[in-house]
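Below are structures written as structure tokens.
Each of the next two complexes has chain A plus one other chain: chain B in the first, chain C in the second.
This part shows the complex of A and B:
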């Protein structure tokens, strides 16, 4: 094997040595970074720059050359509100409905997600029977495609679905879950938590297992109650992991689209329309295609995501430093 | 020896690959979607065309959503197919290939008449841009068995929407059926009833104008029927945005007394209802404005001017427009013909049950009642924007997010903004 690799390495070595002589050892790093930089620039930076151009142009043409420059008009349209808390007072009411739906969704989903993930992780960290099996059970929904998750729950919750059949059988009587705004929103939160909590449970489980056992043994010797041990030992030592989970869940929550779109289509009315769906519908599903408005909305969302990412970076750094 | 074999095989595979790629490069690409079996039938018919002329046609079958959402973006980017089956007839006019220089104008004008106008959109003129391959008309299906079981007479021809609603409620109550009525969640579907309630849909200059007294009156009635349980809430309130949703499955399941959809559902009903119950087509009920209008529509086959082989594209479409070919496709796909010659001779629909044959004849018979506003709306380039706004805002009124008055104000503002952006 070595006899095959060595001649190849020698062939590669010759131009690399020449390059090193030409550029110096420090600049040679750029040569190695270049392929990745090109890909990153092409598929990450360029779309962001194009998005900025689209956000500052109007009309329904897809080609930038055919789109008139409108400056900050699209941002003005999105933020033209007499009361930001009341979407009905906004010029682009659909945007603000989507914003507030997203805020509520993220608040509830992240709260429940972190709570249930922590509870599950604590249970799965104990020496229970069939622990491996239960760990797999909780992680399994994470492996499912979002569309599959949505369709499975749609079959369960539709008017003549499994849940209503069961409720009818028990005599309680079914509810048309997906036609009621509150129920549809509530189920969207539940399904999102169900589908993703396995991932966060796994992270928290790793965090729990990283807490040294001797701290718990010391607490036991001091006759600390389980609740006090949890409050004074587990929670503080788990808090860096919790913070990462919190920020990751918030970013993922803001980006929610596919699951809920396949589940409710954003309805009833706009009850489950979130910000990414708004961007998609304005730019691609509706007529005319308002690429400018859609791009402006996506830049505003990007701003929020950058903020959340900075919080995550700060949390990671504090974690490392602490 | 072994090496030589590998080299020879590689060379042969490369040559074969290039030849195959070269053959396919000349094919005319046809982006097609099916309501039933249309693409399958086109593929079969076009294989004969290829055998006769040597012009290859690759039929790419795509979901309807791809025609609505992906095709316009592809066309704008210059990467569209050569031919497509479209429903946004006037809206995509700027991309259409004018077939007039390549076809017999007299034959086309004599065969397709007014439908040629639908493809001209805002551009107007006398270009020939598309062949209307399937004419559709909206109208109602009723479950005749439920009426019989309830002992309620079917309202007579010329009955109003209110009369049908009352009769459907009685039938649903007497038979324990889940829903008296349903209308597809589509701006196109409610346009006919809205016109019957007095909606004009255009201003004096011929520009789209969604909200007026007639449109508001229909919306109020439509919302009230949702609130009192006359209309199934699942269809309009069970979705968001401007997503299309039909209620055909509910009708097929026998859960619906009166279902307002259109002629393209006949094949599905024929296939799925079978002898489960008797169904019939009753056309479009009348409104307070005196009209009993449905909406015409359907799909057409168009070529795009960005094609590199316009003569071949025109030849393919012209072949499909010939009376014998058109008649065969219509009979096999169970669609209403837009070809005047084929319509005049009548179509013996293939494998259609007597109920389906009656239904198709019923829809064809409802065509004279279609309001001129409906024909104008169908050919209007901004109709997709108006359909989308209709669905979004009426849905919000149905679920109580907006009052009917607020929904109408928003709809008018949305249309104004949409028109300003598309100028």
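This part shows the complex of A and C:
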């Protein structure tokens, strides 16, 4: 491997040396930055600006020059609702279904996930044998691809799957899980928690281990009860980490697409269609490719994400010293 | 065994007894092992079952297949049954054909005489059998190697480009004093707020205009620069003492040589962590490849899996085998590097 790279690096050194002589050492920094900045500019900042153009134009052409300007009409279409709480009263009912599904999903998913992650982290932080093993057990699903996660659970939940066999055996009787809207939604929350909780457990465990031992020893001296110790010491000292985890989980939760799309395809009906799937389907999956609606919806999502990210950066500010 | 025993009886209290909270903890963790590993293990076991075995309800734990026998005068091997009632109770017979509730059977030892039995009076003879043909069929029936190659190519190339580009930027941001450094840093933080999911449409235009639609490069290049990567590497490079760089400059080393020969080797731990993360992100990537790669010969494994699960509703045996092969590389990485993955993820706070 190195025998291929080394000669290349030696060749790169020739123009870099010339640039160094030309610019001086400090300006050479820009040369080192250049590839990264080009990529950021082309694939992060330029798209943000173009997104605004897309959101304000109509038609199904991807080339901006061929798209007629429509002003705020896309946003108007999305928000044309007599009652925002009832998607049926909206012109773009699928959008609002996706919005409310996402709101519910994020609430449930983040709640359960942070709860179970905290519980697991606290247990792993005890005097546990083979902590490394158990930690990696909970982390294992994080590495699996979303499609694999979806298929693993689909195989278990299918009509003649192992879960229904078990329920049959206990006498409860099988249920056609993914055909019922409520069950499909519930299982989507479940597999999403299953797949990601190891990640948050890890962060919370690191936070717990950063709490100094002597604080607990002092609490023990004062005969503080375990519950009181937990409420008065662990929770307050863990709260910065908790905030980071909470916001991070929300940022990711809003963007949920992969595993649920592979799991239920958004169905039955639109029961598990979330906002990113709406954006994807409007822009890329349907026959008239409504890039305008798709871009307008993604700008709305971007607004939410920017807010959340600012909170995250604020919560995490000790790590970004500039 | 002694180790297991001492592990299970780990003590907390002074008198060698487990506190009840310890029991609860170990109970919870055991349940966790079952819940986290169980489903994947079940998938792996199932992938070795034959088609008939997969359709069995309720399913058996281990893969079984019906035993067959070669009988004189018949071309194909015949399935074996054990008679549980009727005239031939206790005998093992081979089935010729089944008509309604009756079956024509034959005794393998006496192939000329045809016997007519009721199917209620028999049970199939089964043995443990690993249906490895599920896997070999993948290579014959599908373009599996192609998908595997696409995924591997994207993962390897994108990781290499990302490591180079991000470490160059991190080097500039950690070891140079120049005007505009703060601006660039803020820009990098800014990109944190722009996940791919919210710029899909314009990203699609840019990639199309660059001629990278339906090309593996369209997946590789847009994700090559990550703010997480720049931050992770920069935080590490800051800790490398400037004196080393000054000494190298005294020896007339060029800046590029300093970067390549000093900074990169010294940052190896951080680069390794980033490499693991990048491999994971790329291998598992789904939404963006789904948009850019629309022709099946460009599919990555994830896309192929997803499209086959739509097409092959009933063909679970191919689907399961393909899923196992998709999760195998990542699981292998996990086995060997899980310690580094854990520290890496904890230190970046994820992406």
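Remarks
By definition in this document, the second predicted complex is superposed on the first by the 281 of 322 C-alpha atoms of A that agree within 3 Å, B and C clash if a C-alpha of one lies under 4 Å from a C-alpha of the other, contacts with A are read in each partner's own complex, and residues count from 1 in each chain.
The rule is short, and it goes like this: contacts are C-beta pairs under 8 Å (C-beta built on N, C-alpha and C of every residue); 3 or more make two chains touch, one makes a residue touch a chain.
Just so you know, these numbers come straight off a predicted model, no measurement behind them.
Of the two partner chains placed around the shared chain by superposition, chain B is the only one that A:272 touches, whereas chain C remains out of contact.
By the document's definition of touching, neither partner reaches A:111: not chain B, not chain C.
After overlaying the two complexes on the shared chain, residue contacts for A:298 are found with chain C alone; chain B is out of touch.
In the superposition on chain A, A:284 contacts both chain B and chain C.
By the touch criterion stated above, A:63 is placed in contact with chain B and with chain C alike. In the superposition on chain A, contact of A:186 is made with neither chain B nor chain C.
Taking chain A as the reference, the larger set of touched residues comes from C, when chain B and chain C are compared. Applying the stated contact rule after C-alpha superposition, one finds that A:140 touches chain C and leaves chain B untouched.
Contacts of A:206 after superposition on the shared chain: chain C is touched, whereas chain B is not. When both complexes are overlaid on chain A, the residue A:176 reaches chain B alone and has no touch with chain C.
Contacts of chain A with chain B, set against its contacts with chain C after fitting on chain A, overlap at residues 62-63, 265, 284.
Residues 58-63, 88, 93-94, 97, 159, 176, 178-179, 181, 264-273, 277, 281, 284-290 of chain A are the ones that touch chain B when the two sit in their complex. Chain B makes touch with chain A in their complex at residues 68-69, 72-73, 76-77, 88, 91, 233-234, 237-243, 245, 384-385, 387-388, 392, 395-396, 398-402, 406, 410, 418, 421-423.
The touching residues of chain C, when paired with chain A in their complex, are 7, 10, 12, 21-22, 25-26, 28-29, 32-33, 35-37, 39-40, 42-43, 46, 55, 57-59, 164-166, 168-169, 171-173, 176-178, 181-182, 184-185, 187-195, 197-206, 208, 221-225, 230-231, 235, 254-257, 259-260, 280, 283-284, 286-287, 290-291, 302, 305-306, 309-310, 316, 319-320, 323, 326-327, 330-331, 333-334, 338-339, 341-342, 345-346, 349-350. Residues of chain A that touch chain C in their complex: 9, 12-13, 16-17, 20, 25-30, 32-33, 35-37, 39-40, 42-51, 53-54, 62-64, 119-120, 123-124, 126-130, 132, 134-148, 150-156, 160-162, 164-165, 168-169, 194, 198-199, 202-203, 205-206, 244, 248, 255, 257-258, 262, 265, 276, 279-280, 283-284, 291, 294-295, 298-299, 301-302, 305-306, 309-310, 313, 316, 319-320, 322.
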